[in-house]
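Working notes, structure below.
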Amino acid sequence: MAYKMNPEKMYMMPTHFGPSAGPRQGPDGGKFECKDNPKSKSVSVSFLTNREQLEEFLPPGNFELGEEPVVSVFASYMTEIEWLAGRGYNVLGVTFPVVFKGKEDRAQGSLLTVLWENLCDPILTGREQLGFSKVYCELPDPTVLRGETHAIASWLGFKFLDIKLTNMHEIPLPPPASPSGPSNEPRDGVLTGTLHYKYMPRTGEWGTPDAAYTVLTPSEGGHGRTTELWHGEGTVEFHKARWEDMPTQYNIVNAFHELEIKEYRSATFSRGIGGKDLSDQRILR
Amino acid sequence: MAYKMNPEKMYMMPTHFGPSAGPRQGPDGGKFECKDNPKSKSVSVSFLTNREQLEEFLPPGNFELGEEPVVSVFASYMTEIEWLAGRGYNVLGVTFPVVFKGKEDRAQGSLLTVLWENLCDPILTGREQLGFSKVYCELPDPTVLRGETHAIASWLGFKFLDIKLTNMHEIPLPPPASPSGPSNEPRDGVLTGTLHYKYMPRTGEWGTPDAAYTVLTPSEGGHGRTTELWHGEGTVEFHKARWEDMPTQYNIVNAFHELEIKEYRSATFSRGIGGKDLSDQRILR
Amino acid sequence: MAYKMNPEKMYMMPTHFGPSAGPRQGPDGGKFECKDNPKSKSVSVSFLTNREQLEEFLPPGNFELGEEPVVSVFASYMTEIEWLAGRGYNVLGVTFPVVFKGKEDRAQGSLLTVLWENLCDPILTGREQLGFSKVYCELPDPTVLRGETHAIASWLGFKFLDIKLTNMHEIPLPPPASPSGPSNEPRDGVLTGTLHYKYMPRTGEWGTPDAAYTVLTPSEGGHGRTTELWHGEGTVEFHKARWEDMPTQYNIVNAFHELEIKEYRSATFSRGIGGKDLSDQRILR
Amino acid sequence: MAYKMNPEKMYMMPTHFGPSAGPRQGPDGGKFECKDNPKSKSVSVSFLTNREQLEEFLPPGNFELGEEPVVSVFASYMTEIEWLAGRGYNVLGVTFPVVFKGKEDRAQGSLLTVLWENLCDPILTGREQLGFSKVYCELPDPTVLRGETHAIASWLGFKFLDIKLTNMHEIPLPPPASPSGPSNEPRDGVLTGTLHYKYMPRTGEWGTPDAAYTVLTPSEGGHGRTTELWHGEGTVEFHKARWEDMPTQYNIVNAFHELEIKEYRSATFSRGIGGKDLSDQRILR
């Protein structure tokens, strides 16, 4: 009499009401092409820091730091998302370059250490289906005043981040890469993309995981394209938080607050259209 | 050089910044007693429906419907929560009675089919650590007008639920049960409490779970106590949602919308203090 | 010992802390040019209704209905507003054509019957300084799904308006009008612009106004320019509200709900830059 | 053909849709008794400051500072408000004692220099009908953690105030004052209550007011009663704001930030029920 789960479908809690609807499975079980949506604008600032500080963030299991200890902080503001029936939401991520040398797979790219989002629904699908380290914060639209773009992030009113861009100038877009061209293929068998460490605790056995593995968002594929690109100067500032200020995330914010900023490397503003549904997310072994 | 996870501690994504802080692990690794907090007020309405309709919601794995097909819809509005450094949040749940007959365990109680909450952070800890089927919605404080208490729930502005209480009268509180008394003990080896079906998908193998098991919130233990109790009349109305209205949850809301309401059984308003940290959550086998 | 108010400066309550800062008076007493800001996107739908229904909305004092009883409902979503230090806010207005024949002044244009805004600060400056009939509501960004743009408005969660645009096609922009050209001048002494009826009650003498007069936002002047224009099909639907739903605004929403929609006349989407600070707002006599 | 305004009714902009509904005029034109609502909890901290600093805030027109230069900062969190159909909202005010010696009237009491509220609708009725200096801010429910009550206020995310209460102990309530007893009557013709300076600018004549007069909220009358009272220790801290942080209110917040705190005088927490509709608000001459 109980329901049976269809192994051809994707499920998430609650499982009692049929397959779940989300970014990779529409209401009719269909997929979303992500061709003319979402529309997004993005800010990004990167800086050089200490190898030693970043190495403390390397997850267990065959990770090494990439060539240079450069941290990138980016925020994207998305609209017209089809799987949300045309709504939008915003994200804020922190990455640095890593190399993965597993038993079977070799990969290089950026480790997405955390991705804040201002909507719970994609946080759930992202954590559970994809292994993204997503957590919640408020991400209001950046303000623009007399040439300065200012993005902030807060949690229940505590502002923990300021990103500022100034002296931005538009630069010509590079010719679009051939989407299936050889440059995106794994070189010498080394996969490229964004890396994540998925971890799910086991109920009642609190130090034990139900799942603990490395996952990859491959860099190739999808319909994402940049339509506008600006370069300039930028700064990023994480503000020290007490447990009382951010009782679930103070450790994350303070870790970034402690990072030495040796020099800023780049600051960009961009607009783009399209993406992919990330159904090509895969486990690295 | 990578970090090592301490098997004595609880972790959640992102795991890169040390053990996670949450309801069951404080900033110093300590626990929260939940003795004089949270404070809560709650509304609840239950109704008789069809056995056949409820049986379709029974998860795989040894579940049977309980004695009567009575659905309870409750909402709690909590403040002064210590693990959130004194903040509050609200929840909305739907349960019905079930019996679990596993290979090792037998249990009876309420199946928590879904628990909406209006804050992402406890949704994440609840899903991943405890196996609660938590999802997000807006839960504003109930309005009270000329004797009618009116609670609503919405998702990004779409109101999907109205709960109304009228003709409420306060009733004397029962004497507090002896907290370790025999009445809360499993009778004949049958455990009692709230049951959940935990499910976590495996990345890239979309029909396969990383975890899929039944869990129990035992009814005994903790410091929760009711300080005020009112009985009266109530109604509950789930509003039909299109995919466009609730693209991630329309299936949940519509399932409840379709339930026949044969007769209302009870309507309560209550206030309470205290609870437990749910670290006694366990897997049923 | 008490402070003196500087007659060269603008004040609003509270007056105790010096001249007020707002759209027409900056922190240094300076003005805002509104040349490269704000940026805005706008939707608009208009429809033919009954003369008799609109005439009931004509304020006392020399108003007549304009040529055709056509109601326009528009919403604008503004960003990068300099006087708000780069923040944005949104507005929703309802107008119809009127003619004003006063003792001294003659004017024609649109009567702005109400302007909802989603930020209190410009509501206060607009009501008190300009005589705009501004009130508050929530105005989330429109959703865009498979070619349909959908704007909504709500008050504390009660959705009272749906605007939908479909089949939009971009049309060439008209050449910019010469900003000081003769076409914007009052013709035969008839002023043109947006008309408002300002009313401020007198404390304690509840049926008596402190101020009650007609004001005009002249159509000429300023740096506003349209940068993108689309035409297509649209609908507008005001939802009937009970007092319980909108206890301060149900009468406004229901008045529009009752308007017969004889036929739709136009539906537009546009983007624009710039504006004016409205310091040319003036009383009509 | 235009509408006529009924001199027996209260109106606010927009006046085109009939008499306005609000705290002093219900949907049927009736009044609200305010007997069993609203319910409120309040925090208050007062401190001694300099006479010279406060005298700069005295409005034109016969105001003098009261006996002691003591500033009170209070916040109230209200629910079950009948005129809002059972909803709630919160307020934050700053007062100090003044004496008013007009041509006709003499009064003493507190000058309400500003009253922040977190809902626009009562801000409009309060400013225009009553002459309260109301402006908008966010006022989340106070947090309570390990004996400390912490109230904050922010404007679009910029936190400008912290109020903290500690070591609170409940004290017996004084016997209720006879509501129509002689102690509340004006003594020697001196009226008592809360004083305000109402100011409304005239459109187009920017330094000239449409209205500028002193108003009084009489202390007597109404059904308000305190049901619980706690005394203890408290602090209040206004945070310096740049124009960029609070472009419409930085002058208000900074004026309070600059006040010397010579010593704290009292800190209270209270709960109460009932009030009055303030229709006895009157002009002082």
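By letter and in written order, the chains are A, B, C and D; residue numbering begins at 1 in each of them.
Convention: a residue touches a chain if its C-beta (ideal position, glycine included) is under 8 Å from a C-beta of that chain, and two chains touch if they have at least 3 such contacts.
Keep in mind that this is a model prediction, so the values were computed, not measured.
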item	value
Required steps from chain A to chain C (each step between touching chains, minimum)	1
Chains in simultaneous contact with chain A and chain D	B, C
Most remote chain, CA-based centroid, reference being chain B	C
Chain D against chain B, contact positions shared by both copies (same if over half, else different)	same
Cα-superposition angle relating the copies chain C and chain B, to nearest 5°	180
Chain B and chain C: spacing of chain centres that average the CA atoms, whole Å	46
Separation of chain B from chain D, taking each centre as the mean of its C-alpha atoms, in whole Å	40
Mean-CA-position distance for chain D and chain C (Å)	30
Chain A, residues touching no fewer than two other chains	85-87, 145, 156, 244
Chain contact topology (line, ring, star, complete or other)	complete
Complex contact set, residues of chain C against chain A	37, 79-80, 82, 85-88, 141, 143-146, 148, 150
Chain D residues touching chain C - in the complex, by the definition given at the top	1-18, 20-22, 24, 26-27, 55-61, 63-65, 83-87, 113-114, 119-121, 123-125, 127-136, 156, 197-204, 206-211, 213, 215, 243-245, 247-252, 255, 279, 281-283
Partner chain D, residues of chain A touching it in the complex	138, 140, 145, 152, 154, 156-157, 159, 244
